[in-house]
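Two complexes are shown next, each including subunit A; its partner changes from subunit B in the first to subunit C in the second.
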Partner chain A sequence: MVFPFVVGIWVTAGILIGFAVPPIHDGNLILRTRQIAFFHVPMAIAMEVAFLMAAWYGISWLRTRQPRYDALSLAYAEVGTVFCVIATITGAIFARTNWGAYWSWDPQQVGIVTTLLTYAALFALRGAVEDEDKKRNLWAVYAIIGLIVAIFSTMVYRRLLPDNATLHPSNTVITSDALNKFALWFNVIGYIMLLVWMAKLRSRFEMASQRLREVQWA
Partner chain B sequence: MEIGSSAAIQPPGARESTLHPLTALVPRATWATVQAVFWKDWRSEWRTRAALNSIALFSIASPVALSFSVARQRLEPETLAGLLWTVLLFAALVGLARSFVKEEESGTATLLRLSCPPDAVLWGKALFNLVLLVGTQAAAVPIFVLLLNAQLSRAGLLLLVLLLGDVGLAVVSSLLGAIASQARARGSLFAAIAVPLVLPLLVAASTGTAAAFGAVGPQGDFWPALQIMLGYDVAVVTAAWMLFDFVWSA
Partner chain C sequence: MSTDLMFVLAVAVITWGGVFFYLLRLERLARNLEQQVGDDLTPRPASRHGKGESEDQQ
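Our next item is the complex of A and B:
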C-alpha cells in the first residue's frame, strides 16, 4: 500500500508550502492568518465532495442493494462531518482575526452551519431505525435530499444576495500570484486524497462490523 | 417473474421494456387517487381534529405570548419577520408529521400501500398538509399582525411569500414525515431531520416577509428571496417525487 504514504507526504508538504508563499491582498488589505486559507478552503471543498459522494453511493445503494455502497456512503458522510467541523472552526478563527468576531452569521457561515446540521440529522436518523435495509434506504434518501439543500445553502443562497452581503473573500487566492494558486490547488488535491483514503478505511471497518453482527446473530 | 414480463402483451416488434419488472406494475398516480387520499385524510382529521388543533393553537397562542413579552416596543420589520417565521415553522413541526405517523400508529399504512399508488399518497398528503397550513395561517397571520403592530406595507408580497413557504414546508414535511414515521421516537426525530432542510427556506422567507413589513435598503430587495423560495420549492418537489417510492415501499 503506497497510497497512505503518498497522502501523508503530500498533505505535510502542502502545510509547509502554505507557510512559504508570499502574503495575499484582498483589495488593499493584507489578509492576516492567511495560512488558514490553505487549510480551510480545501477542507470546505473536500466537505462538499464528501457530501456529494455520500449521496452518490446512496443512489448506488438504492439501485443495486449492495451493502458495500451503503458502507461507503456512511463513511463519506462521517469523514465529511469531521472536515465540516474543521472548516467551521478554522473559518471562525479567520473571521476573528480579519473581521473582528468569531461568528457574525455571514451567508457563508449560514451555509456551513446548515450543512453541519444536515450531517448531524443523518446520523440521528440512522440511529433511530432498527431494520437494516430500511435504515439504509432512509439514509440514502435523506443524503440525497440533504445534498440538494446543502448545495442550496452553500452555493445558491450566497449568489442570490447582493455582493456586499458577505465579507467572505471569494476568488482572492485564485486571482493572486501563481505560487498562492499552486499552493491552494496542491492542498485541495491533498485533502481530497486524504478524504478518499479515510473513507475507504471507514467503509472497510463498517463492512467488517456488519459481518461481525451477522455472525453474532447466526 | 411471469407477471412482470410485458412481452406477452406487447405487439410483435415492439422494444423490450427497460423497466424493472416490479416497477412496471406500480400504478401511477392520477388526480382521482390523489383526491381520494386527500379526502380520506380530511375526513379522518375532521373526526379528531388533532393536527388542526395543535397547529392552530400553537400558531395563535405564540403571537399572544410574544406580544405579552415585547409589549409596547417598536420592533424592526426584520425582527417581526423572523418572529413570524419562527412561529410558523414550529407550528408546522408540531402538526405536520401527524399525517404519516397516524398511519403507522393505527396500522393503516399497509392497507394504504396496497390500495393506493405511492405518488398518490405523497401528493394527497402534501396537499392535505398545504391546506392545513394555509387554513391555520389564515387565522394566525392576521392575529400576529394585529397584536405585534406590524406595518403591512406590501400585503400581496406577504401572501406570495406565505404561499411559496407553505408549498415548500408541506412537501418537505410529507417526505420527512414518511421517513420519521418508520423510526423510533417519531416526534422528536421529525423535528431534528426537518429543521436543517427548511433553514434555507426560512431565511429567504424571513427576508421576503421583512420587505412586506416595510423594510428598506438592501433588506427591502425581495426578488432574491422570492427566487430562492421558488427554486427551493421546485427542487424539493422534484426530489420528493423521485425519492418517495424508496421511503414508502421500504
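Our next item is the complex of A and C:
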C-alpha cells in the first residue's frame, strides 16, 4: 500500500518541477508551452514501455500458461492505449501553440494515431473470440504485433524520412540543459511507476472478473 | 511565474489529485472484490491440457 503514495508524491513533485524549469530552445526558437513537454514526452515513453510489457507478459502466458500473465498483458496494453490517447491530445495542444495547427499530418502524429488504431483493432479482435484459451493465445500474438507496429510507427518511421519532413522536435529536451534533463527523466520515472500501478490494478479486476465468469459457468 | 501559468499549474495539480484519489478508491474496491471471490492472485500450476485455472475451478 506504500507504492501508490510514492507514485502520488513523485508525480506531484514532477508536475511542480516541470513548471519551474528554464525555457527550452529548439534551434533559435523558444518552445512555447514547454511545460507540456514534461507530461507529453514521459507519457509517450511510458506508452512504449506499456506495449513492451504487454508483449513480454503475452510471451510469458505462452510459456507458462498462467492466466495472470494474460491479465497483465491485457492490462498493460489497455493502460498503454490510454497513455497513447493522452500523448496524442497533449501533442496536438503543443502543435497548436508552436506550429499554429492542432493537426498537420506530421509523420509523428500519423504514427501515433496508427498505433492507437492498431491497438483498438487488436482489442476488438480479442473481444470477438469466446474460447478463453484461444483468446489468450491469440492475444499474446496480437501483443507482439502491436509492439512492432508501435515501435515502427512512433520511433522508426519519422527517422526514415528527410529531416524537413517533420516539425516534431527531436531530442530537444534531452540535449537541453541539466535542469530540463533532470525534470524530463524525473517525470519519465514517475509516469512509468504510475503505469505499473494502473496496470496491476487493472489486471486484478480482470482476474476477479475471470474468476466470476468461471463460477458462473461452473 | 505569471498568473496564467499559476492557473494552469493549479488545474494540473487538482486534476492529478482527482485521478490519484480515484485510483486509491479503485485499489480499495479491487481488494474487496478479491476477498469476495477468494482470489489472492497467487500463481497456480497449469493443467496438463493447457486449460490453466479455468479447468481447476470446474
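Assume the second predicted complex is superposed on the first by the 218 of 218 C-alpha atoms of A that agree within 3 Å, B and C clash if a C-alpha of one lies under 4 Å from a C-alpha of the other, contacts with A are read in each partner's own complex, and residues count from 1 in each chain.
The rule is short, and it goes like this: a contact is a pair of C-beta atoms (placed from the backbone, for glycine too) under 8 Å apart; a residue touches a chain by one contact, two chains touch by 3 or more.
Everything numeric in this text was worked out from a predicted model, so none of it was measured.
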| message | For A:A92 in the superposed arrangement: first (subunit B), second (subunit C), both or neither? | response | neither
With both complexes overlaid on chain A, does A:P67 touch subunit B (first), subunit C (second), both or neither? second
### Message
If we overlay the two complexes on their shared chain A, which of subunit B and subunit C does A:A120 touch? Say first, second, both or neither.
### Response
first
Partner chain(s) touched by A:G146 [first = subunit B, second = subunit C, both, neither]: first
Practice item. Once the structures are superposed on A, label A:D133 by its partner contacts, choosing first (subunit B), second (subunit C), both or neither. Key: both
### Message
Contacts for A:L201 in the overlay, against subunit B (first) and subunit C (second): which applies, first, second, both or neither?
### Response
second
Worksheet item: Touch check for A:I189: first (subunit B), second (subunit C), both, or neither?
Response: neither
| said: For A:R211 in the superposed arrangement: first (subunit B), second (subunit C), both or neither? | reply: second
The intersection of the subunit A residues contacting subunit B with those contacting subunit C is 133
In the complex, subunit B touches subunit A at residues 175, 179, 182-185, 189, 192-193, 195-197, 199-200, 203-204, 218, 221, 224, 227-228, 231-232, 235-236, 239-240, 243, 246-247, 250
The residues of subunit A that touch subunit C in their complex are 1, 4, 7-8, 11-12, 15-16, 19, 35, 39, 64-68, 132-133, 136, 197-198, 201, 204-205, 207-208, 210-212, 214-215, 217-218
Subunit C residues touching subunit A in their complex are 1, 5, 8-9, 12-13, 16-17, 20, 23-24, 26-27, 30, 33-34, 37-39, 41, 43-44, 46, 50-54, 57-58
The subunit A residues in contact with subunit B across the complex are 62, 110, 114, 117-118, 120-121, 124-125, 128-130, 133-134, 137-138, 140-142, 144-146, 148-149, 152-153, 156-157, 160-162, 164-165
